[in-house]
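These notes are about the structure you will find just below.
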Amino acid sequence: MTKNITLNLITGRTIQQGVAIESGKEKPSYRTAAGIIEMDDADFKRLGLWKNTNVKVTSPHGSVIVKAVESAQGPNPGIAFIPMGPWANAIIDPNTYSTGMPTFKGTPVTIEVAINEPILLGIELVQVQCGVKVG
Amino acid sequence: MTKTITDVICPFCGTLCDDIEVLVSDDGKQLLEVNNACVIGSEKFLHSQAKDRVTKPRMRQEDGSWKDVSYDEAADYTAAMLAKAKKPLMYGWSSTNCEAQSVGNEIAEISRACVDNTAAVCHGTTLIAVQDIGLPTCTLGEVKNRADRVIFWGCNPAHAHPRHMSRYSIFPRGFFTGKGQMSRKMVVVDPRVTDTAKMADAHLQVEQGKDYELLNALRVAFRGEWLPDVVAGIPKEKIREAADLMKSGRFVIIFFGMGVTQSLSKNHNIDIAIAVTKDLNEYTKCSIMPMRGHYNVTGSGEVFAWQFGFPYSIDLSRGFARYNPGETSSIDLLARSEIDAMFTIGSDPGAHFPISAVKPIANMPSVCIDPHMTPTSGVSKLHVPVAFNGVETGGNCYRMDNVPIDCRKVVEPPAGMLTDEQFLVMVRDRLKKLKGVA
Amino acid sequence: METVTITMKNPPALYLEADNVTPDGFAGKTAAQIAELSVHEGNTTSTLGKYFEISGNAGATAADTKIVVKGDVKKVKYLGMKMSAGEMVIEGSADLYVGAWMTGGKLLAKGNVEAFAATAMKGGELIVEGNAGNYLGAAYRGDWRGMSGGKILVKGNAGSDIGMYMTGGEIVVNGNVDVHVMTHAEGGKTIIKGNTKSKLGGQLVDGTIIVFGTIETMLPGYKPNGEVELEVDGVKALFAHYIGDMGERHKKKKGAIVYGNLYKKI
Amino acid sequence: MSEYIIKNGHVFDPVQGINGDKKDIAIKDGKIVDKVGSGAKVIDASGKTVMAGAVEIHAHIAGPKVNLGRIYRPEDKLFSCTPTKGMERMGGGASIPTTFKTGYEYAKMGYTTAMEAAMPPMFARHVHEEIRDTPIIDEGAFPVFGNNWFVLEYLKNHEIENTAAYIAWLLRVTKGYAVKVVNPGGTEAWAWGLNCLSVNDPVPYFDITPAEIVKGLLEANEYLGLPHSMHIHPNNLGNPGCYQTTLDTLALAEGMKAKNKFGRESVMHLTHVQFHSYKGTNWGDFESGAKEITDYVNKNKNITIDTGNVTLDETTTMTADGPFEHHLTGLNNLKWANCDVELETAAGVVPYIYSPNISVCAIQWAIGLEIPLMMKDPMRCYITTDHPNAGPFTRYPRVIKWLMSKKARDTQINAFKHKDKVLSQTSIGSLDKELSLYELAQMTRAGPAKCLGLGGICGGLKPGMDADVAVYNFNPDKPVANPDDIETAFSRCAHVFKSGVEVVKNGEIVGTGNKRTLWVNVKVNDNPQVMRDINEKFIKYYSMTQANYEALGHHFVPNPYALEVDATHV
């Protein structure tokens, strides 16, 4: 059985994500800024994971491949952070509780190593999930 | 020769900095340098100069490729789509000016659309809370001149509003705050040790999703009532200390962000934070302010409100305005399959909606008006690139504290490119003909 | 009492708004006249008869009229909205606003109902045999006048935000409920036979919440106040008593402060 | 432009002293003229009442606090939004209508000019955007000065010339119309959670009293010779016993004379007097002070007032009197919004229900009617509801009914739950006066226009004036069978002309006219010190730059009408 850990996923703005969306969401720099999951050092150890490796993040609402990096802000053991964007939105809890607002913060996710799985570009990721031809 | 344009407004976040200086070429066609802006704002100005920019409207082809079309053809498609739809959604509006929003409202009215802005995934729940309990707030200059207690609750200005602390909230020396940062105590409430939290005098590391409990405990502490030993991961002693710190301020300001609007309890988190603010006004002066995201999401809410009566998530399908987030809000409309055409402008739901709410867009007639290529344009049938608002065209915008600031045009858009407003006028005029409206 | 039966034959492509489907809307009309009542799908207006087969004539008044709704009405909103008298039975599940703003009569939904059922209910009875959605018996956005009278019984589970801004009346949920119960309430009573999550009675000024099952997280604004024996719905049991929300303002009655009451079965 | 002749109507025009005579009114090129050609379109007004377009002197209809009210009160629109209809855009809102509905509703009642009563200068762009989107009616906006740091600092040393130069600058950059004062000093105190409840309470830090602020602004207003007088909402609004503060405020104008070229004779306009005419010491012994206040105003010709009539509706209160709204939310526990504006002002918003079953509300209703009934000079007392504070402006026809019919007042008094209390705490029961149509025209047209310095332009039907004309389905020759007929007649005009364009016909909108924004352009001598002070305040204390504060492009005020004032001679 693949080893995995469960963390509480939060999404949000980072300054790098902000810069990347302004420089072009079609570009690899967007993926570098937002196609990542920030995890605490302790959680890397728990999972036995090397930093900067690709992982598969799964929630009841979907799964996505992102690169696991050490939290730039922390320490926050037990909490994972994916910058706001299509990677996070592949897995966050869409329940609005009839308020119009999805539950972007506080989705339990499991994380497993996926070294050989590719991380898609931002636009590509959405197109693939929507069944639209990539172009 | 070059020229420097001063007092330029940055069209990125709700901080709406208006002290940017931009260096442009003598012919006004090239933007060379940006000063005073944060790194995101600089990028926004400079990216307008990118050589690989899409400058012509494009229709998606069956094979996934794009075919360039004229603005006329694009306007024809858009008008026809809106005329035909039983319940189109016109979403976005937060990255364009109030003038374009106003034309958009005319279009929405004629096509009896649902209209919504990015508050849907940002401070929409704040608006619900304000409707339930009110909002004691102030302009940012009040914070600069008077605030001696600054609380950032579920927000991270170090990343999301990079110049907020230096312009308004922490560092500036104001009229009654002559010592700048030394005049103030900074409290951060966040489940993470964020870069903002690291700067704080006190950090309450609240258990994620339990802001409501913590705010409730603060209210109990103000009244000196019984508290359980630990609330939301914080010992009661620390809660009472925080309550006393807030009460002892002469002017308290609470800023809050997505950490509370998007976590469990959503509108209730804001609702009770406003109750905390109201409570504090029994002891001292206290205001509260949402850290609005897009630079003109506030303006969109204002224009919606004075024209239709509601700030977002408005359903005009019956010919008059109705409002009830949960029903008329974009995510719910999409997820519940309530709509049959999607019009996006000045925002990127493809990137910022949960994927379950993006998938329907790919399966219906859809238009995306955006200077950039985005996940939304990537799943829409028609992509209409336009001039950058606030860079290549001016127009009124509203800062996070509702202060209106007229954006400036600093550089010419690429030849032949239209502004949001110009394209919308084309759509409106066509739609009027299709619908037989004078 | 006369009975009108409407049966869905052409379900809408989007959603149907059928706010005329109430005993009040049908009263005094023949089946043919009822078929001419307007309904709305998106920005188009058409008639009830285009979607439903209608049989039976209505009584002279709402009180003399019973409506039976058959077929798939999962995408029909506003059934029983503003009804003031008479009876209505929805045989299956319905969408938003079932019995919203109702002031009287009896409305029975045999399946589930979605959000905003019984919004700002003033009187009458709503029974949901399946599950109810969010904001059951809550106030409309911005209004401080939520459910003020009448009775709601949900035999299954209910969603979040039930009884928000409630000022009177009673909600009984036999199953479980999601977060936020009776937020901002100033009266009324909610009985939950199953389990609850958290944020019960937040900012509550007055009112009563009775929980038979578990409470995942108790609000700190609720202060333990001993144990009491209560008889609830014919069941006598020992309950832990809490008063609150201690963080909220409270009214005074005869010099004494009135708190909200939360009872949890021990 | 079309020519019209409105034939055989009963004309009421105090400007020309016409009192119900059958007269024809001719319209050409947007103006009232002596006669028109035979091709003019004939409007048959026989059996109808003809008046100039009405002038609203004080309402909150555009700007940040109004919109905050719209934003935070969805329930104010529930089940009442209206569809697109002919020329009309969608509308909505009972107490805080949308901009489109605001314009239509005013026009349908025969109003053609309205003043937004409180513009926070920093939000001028917002106010003007809403004014632009309010169809048909001409509008101006009053920037607030009574808590402005420049004003407080200059007047502390009684620097009238500098205050005047600052006023001139601010009116120009905000495209403002007049000097408005709200709770002088009290709103600045509110920035620290405090208030000034009397004219002598010191303003924290600034070392000045409300009396000094008011006196200084009165002087500066006449120094400049502005079209409108200083327009004040005094301290201590809405509290039992507040009439004394009102009298203290009025006394500050004693001996002052109006100096201007616009025909204005008053120096102080005290607004929504109803809220400032309370005697008693608490809500239990609360009683009317209308007699004391009107006695004073009747004697002092340099004062004008408006009423602030309570209409017994659910409404939304909103004012730059921030501390008052905080006080109010403490009384009714309804949602409270507030916005403090740096260096300038504040605003608060709280919903309110004037219930006929609550004695205080019923007494407020009576006081609002006593005031105009006790006023001897209708040219100095104007009908308002301080929209939406005492009730929505759409209730004017009902207020007119109560003023014109004792029977209507008695019907209402008898419907009150605490009728006896209303009769014992006010003198409404003993007032037999019924307003005549001539007096109504004075209180809603000629009077407010004159007070605003617009007497030569609107508010009358004299040839040369703007052709703003309202024709009502009301026959003054016939006795009123049912007072409700008055309300019906004044609710929907038979015809309304705005600057010579027919905008309403049979109660429906048929034209959008040439809506203008009225503002006052004052020339003053160069004042380098004030310019330096302004520059310094922006560098140090404002949160936006001076250049952006001053930017108010054509797109905000697409059809301006400036009243020119030359104050360089002084």
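Going in written order, the chains are labelled A, B, C and D, and every chain counts its residues from 1.
Simple rule for what comes next: contacts are C-beta pairs under 8 Å (C-beta built on N, C-alpha and C of every residue); 3 or more make two chains touch, one makes a residue touch a chain.
Just so we're clear, the structure is a prediction, and the values are computed from it rather than from any experiment.
Q: Tell me which has more C-beta contacts between its two chains, B-C or A-B.
A: Answer to which pair has more contacts is A-B.
Q: Which chain would you call central, comparing Cα centres to the global Cα centre?
A: Chain closest to the assembly's C-alpha mean: B.
Q: Between subunit A and subunit D, what distance separates the C-alpha centroids? Give it in angstrom.
A: Going by mean C-alpha positions, subunit A sits 56 Å from subunit D.
Q: Between subunit B and subunit D, what is the separation of their C-alpha centroids in Å?
A: Subunit B and subunit D have C-alpha centres separated by 35 Å.
Q: Roughly how many whole angstrom separate the Cα centroids of subunit A and subunit B?
A: The answer is 22 Å.
Q: Two-or-more-chain contact residues of subunit A, please, as numbers and ranges.
A: 97-98
Q: Would you pick out the residues of subunit B that each touch at least 2 other chains?
A: 128, 131-132, 264, 318-319, 323-327
Q: Mark out which residues of subunit D touch at least two other chains, giving numbers and ranges.
A: 72-76, 335
Q: If you go through all the chains, which pairs of them touch?
A: A-B, A-C, B-C, B-D, C-D
Q: In their shared complex, at which residues does subunit B touch subunit D?
A: Against subunit D, the touching part of subunit B is residues 6-7, 9, 18-19, 98-99, 102, 109-110, 127, 130-142, 144-146, 167-168, 174-176, 250-251, 278, 281, 284-285, 287, 301-303, 305-311, 316, 318-324, 395-396, 398, 401-406, 438.
Q: Which residues of subunit A touch subunit C in their complex?
A: Counting only subunit A, the residues touching subunit C are 97-98.
Q: Looking at the complex, which residues from subunit D come into contact with subunit C?
A: Residues 72-76, 78, 333-335.
Q: Show me the residue ranges of subunit B that touch subunit C in the complex, using the header's touch definition.
A: Those residues of subunit B that touch subunit C are 85-87, 111-112, 128, 131-132, 210, 212-213, 216-220, 222-223, 225-228, 231, 264-265, 268, 271-272, 275, 279, 317-319, 323-327, 336-340.
Q: Give every residue of subunit C touching subunit B within the complex, in rising order.
A: Result: residues 13-15, 17, 40-44, 96, 115-116, 134-135, 140-142, 144, 165, 179-180, 183-184, 198-199, 202-203, 217-221, 223, 245-248 of subunit C touch subunit B.
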